[in-house]
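Both complexes shown next keep subunit A, but they swap its partner, so subunit B is in the first and subunit C is in the second.
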Partner chain A sequence: MTDLQTLPSLPPYGMAKEEKRAFLTAELTQLCDWHAQRCPEYGRILSAWPTRLEKAASYEQLPFLPVRLFKEFSLKSVADEALHKTMTSSGTTGQQVSKIYLDRETSALQSKVLAKIVGEFLGKQRLPMIILDSSAVIKNPAMFSARGAGILGFSIFAREKVYALNERMELDVEALKAFLDKHQGEDIFLFGFTFMIWQHFCAGLHKAGYQPDLSKGILIHGGGWKKLADQKISTERFKAELRETCGVTRVHNYYGMVEQTGTIYMECEHGHLHAPTWSDVTIRRPEDFSVADKNESGLIQVSSLLPRSYPGHILLTEDEGRILGEDDCPCGRMGKYFEIAGRIQRAEVRGCSDTYEQKA
Partner chain B sequence: MTNLEKYVKAFSEALEVPESEVSTLVYGESAAWDSVGHMTLIAALEDAFDIMVDMDDIIDLSSFEKGKEILAKYDVEL
Partner chain C sequence: MSKKLDCLCGEVPAAPVKPLAPFSQEAMGFLSALSARLLKDREAKAYPDVITFAFFCRRSSLEKMRQEYDGQLEGRLGRGICFHVAPSNVPINFAYSMAAALLAGNASVVKASSRDFIQTRIVCRAMAELLAGEWSCLTSYPCVVTYPREEQELTERFSSLCDVRVIWGGDETVRRVREAPLKPRAFDVTFADRYSLLCIRPEAILAMDERALVGLTLGFYNDTYLSDQNACTSPRLVYWVGERQQADRARERFWNAVYACVSARYPVEPVIAVDKLTAGCRAAIRLEGSRMEPTQDNRIVRVLLEELIPGMEDVRSPGGFFLEYVDETLDALCTVVDARYQTLSYVGFEPEVLKRFVMERGLSGIDRIAAVGHTMDFSLVWDGYDLIRSLSRKVAVL
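Presenting the complex of A and B:
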């Protein structure tokens, strides 16, 4: 496997199709073996898999684990003494949560790769940051969930930061005004979860009758569309709302999950989600799990080179999407680009921003 | 105050650990130095030495000792 120093220093979108396929196949095959030797449960999965590791012609032939396996089992490839932290996807009440075991190496790898990917969109400079969420998410350990972890993970891009919402989830107009006065003329990094932005930030601006000038803003948001899709809010509507309420035009959604923190799929200027060098998406047909063609919808499999402390390197999600192309997006970034269609029927409700339950 | 004193003070105040104990600190090994404490520490170091630490260095700053090497890159001699 590529060593831990070299791996994060690769360019995020610089590897062409054939080279990337060979690279991922070699790395992921070795990762399968790595986990089989360290995680007995994974070892049994691998031995039951029809294709032998050395016979796998591409990483698409390697075993893919359903994400919900991490809810039902404690899967780890490190000794308990080496555990650094355990990430959980905070499912809503009554749901089981995923438990992802991280050691220091995997955790550092995640941070470094995330920094490389996001750096492509924000630039090298750390920027003043407005967190479109409530400070309570960080302050209250009981609330510290995927949302808190996301905010913290993205805080390394900040030079100075302010929360847009107070602890009661109301817009903190005074704090925002003071922050924007101080950073006039500078690029500003805005970060938040899609649903929270819609429900509390955009709505809060309307309510307060406050129209901040965020035309220098770069917004990165994630956490899934489910709640907005339920309200029939489209991507276009979301972007139009942001443009109108505060003038922000550079808006990048990202697709990612706690099971593969670090390798997020960023939306480019042309509205396409992009797979970075360290990971890939494969679309599988739900009937027989065969690999779907370009433009054909199916289940999204995500493969990532980062998970070393838990066998989450190849996962079958419950999200539906389709590949739009590879290496030829007009934005110039190499790698596959794709779109998400939604969650499959009868799948459990999950996702980062979905961790917030609105009280009636 | 010497630079080393400022450095020790930044660790002590940001991570809420007595000055006598900071020299053995390693990221993630104590409750004080978790991911929240880490960003507080970076902010404290940036204030103390009037520098702006790169993203790569924020991630690499994983111990009291390692931090000294990193600050040297910003012409801060301890």
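Presenting the complex of A and C:
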């Protein structure tokens, strides 16, 4: 495996198709071995898997774990003494959450790689940062939720930061005004979760009748479209709303998950999500998990070279999407680019195993 | 009366009703009239489950059930009012539950699924018409209602009214319904989560001609995929009883035939595909030595076990996920069978031999032994209960 110093120093979007394929295959195969020797549960899955590791001609033939497994089992490849922190997904109340175990090495890799990727969009300088969320999110250290982790993770790009929302999730107009006065004429980094931005920031600006000038802003947002899609809010509508309320035009969505923190998929100027050097997306057909063609929709598998303290390097998500191309996006970045269609839906079950249907 | 309560047919009994004798003329007459009406119903034709129920209620079929008791029901009367909580997912179950209670001599309040199943409407419409006409004497005997599960006060009301409560569905349902108190002499007949399996002699598969094999796999399809493998009777474990190499040949032949049957009828839901992969990984982690078998696609997902391990029953998924085990004898069953085990279906066995095995080993589970394709067949003996005897009382002369 590539050593921990070299790995994060690679250029984020500089590896062409064939080279990247060979690189990922070699690295991920070794990672499979690494985890099989350190995580007994993962070792058993490899032994039970219908195909053998040594026969895999490419990383697409390596075993993929359903992401849900991290909700059911504590999967770790390090001794408990080496654990640095445990990340949890921010599931809704009552839902099981994923538990991701990080040691210092994996945690440091994640920060370094995230910095490399986001640096491509924000520049090398650290910027004044407005967090479009409430400080309350990170004030409860008992649970290191995905939202808190996201805010802290992206705070490394901040020179100085302010929270746009108070603890009651209301717009803090005074704080914003003071912050913008102080940083007049500078580029501003805006960060938040898609739904929170829509629900609390945009709506808060309307309510307050406040129109800050954020035309020098660069917004990075993530967390998924599900709640906005439920309200029939399109990407265009979201972007138009931001442009009209505060003048921000440089808006980048990202796709990522707590199970593979660090290797996020950033949206480029052309609206495409891009796989960086350290990770990849593979689309699998639900019928037989074979690899789908370009433009064909299927289940998204994410592969990442960062997870060393837990066997989360190759994961089958419950998201659907399709590959739009590789190495040929007009933005000039190498690697696959793709789009997300959303989460797969659970159909009604038949059978007599449960009498009490859930309230809709 | 609550606004949430919807009465589909009959009347909720206001006063104690007169119990009838098992297989009374009234019950047999009403059910056979219902059968005739359903068999003539145009809309019903599209629903094989309604038609199967109609055949169950034909006079000749009822007569046969009565004869099986061979006069042993003398001196029995129904217990009074049965309150049934029917499963939400199997549309026709409520009708069988009601029919069994009526044949035992009882009036019923049946809580049918609050989902709007056409099958429920067809059967209730036919019953309502009969009760409005020549069968008005039975008006408060078959009463079918629906209401949302959250209306616990309705469950409490019907529970306080009944002499026997019949609860279908999962463990969670049984627990919730049981929170509603019963009259001191009333009791529950519960049908909780169960586990079912299929045992096959490899030589029986290898000896079959193509036609017989196709028939067998269709029966297997009906036992499993037809209900998304969610029925408590659906086998989740396939136990091959024979020598290893022969079993491997039979397994290949059997699963190829199942695939041919399933591929034409059963689409793969993406969520179910992920469910099954997750169950495969769960098997790998929890059941040491297990192997995910290579299959054509995600319609059939199989895990071959090295040994039967208690707790393997929890490694399950709907929609075509099977554990497989090969052994020379059935003995390994004794290490896992507990009270959760319900239906044992078979290929190449004499059912009496299997019954004897259950009896001689004193197994605490396995209540039903059924040929492949018949695991869902309703019978008056279900989950180990003789419904006619459980739902009636015997008058003793000392």
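Odds and ends about this structure:
In this section, the second predicted complex is superposed on the first by the 343 of 360 C-alpha atoms of A that agree within 3 Å, B and C clash if a C-alpha of one lies under 4 Å from a C-alpha of the other, contacts with A are read in each partner's own complex, and residues count from 1 in each chain.
One rule holds in what follows: contacts are C-beta pairs under 8 Å (C-beta built on N, C-alpha and C of every residue); 3 or more make two chains touch, one makes a residue touch a chain.
These numbers come from a predicted model, not from an experiment.
In the overlay built on the shared chain, the residue A:Ile45 is in contact with subunit C alone; subunit B does not reach it.
When the two structures are aligned on the shared chain, A:Lys336 is found in touch with neither subunit B nor subunit C. In the overlay built on the shared chain, the residue A:Lys99 is in contact with neither subunit B nor subunit C. Touch criterion met: A:Phe289 reaches subunit C, while subunit B stays clear of it.
Once the two complexes are laid over each other on the shared chain, residue contacts for A:His183 go to neither subunit B nor subunit C.
Legend: residue contacts after superposition of the two complexes on their common chain; A:Leu299 is shown touching subunit C, with no touch to subunit B. Greater residue coverage of subunit A by touch, when subunit B is weighed against subunit C, goes to C.
Of the two partner chains, subunit C is the only one that A:Glu72 touches; subunit B does not reach it.
Against subunit A, the residues of subunit C that register as touching in their complex are 85-90, 93, 113-115, 148-150, 167-170, 172-173, 176, 191, 193, 227-232, 234, 268-274, 277-278, 280-285, 288, 290-294, 296-299, 303, 318. Subunit B meets subunit A in the complex at residues 28, 35-36, 39, 52, 54-56, 58-59, 62.
By the touch criterion given at the top, residues 84-85, 104, 107-108, 111-112, 115, 119, 124, 126, 138, 149, 152-153, 155-157, 159 of subunit A touch subunit B in their complex.
Listed in rising order, the residues of subunit A touching subunit C in the complex are 41, 44-45, 47-51, 65-66, 68-69, 72-73, 286-289, 299, 316, 318, 320, 344-347, 349-357, 359.
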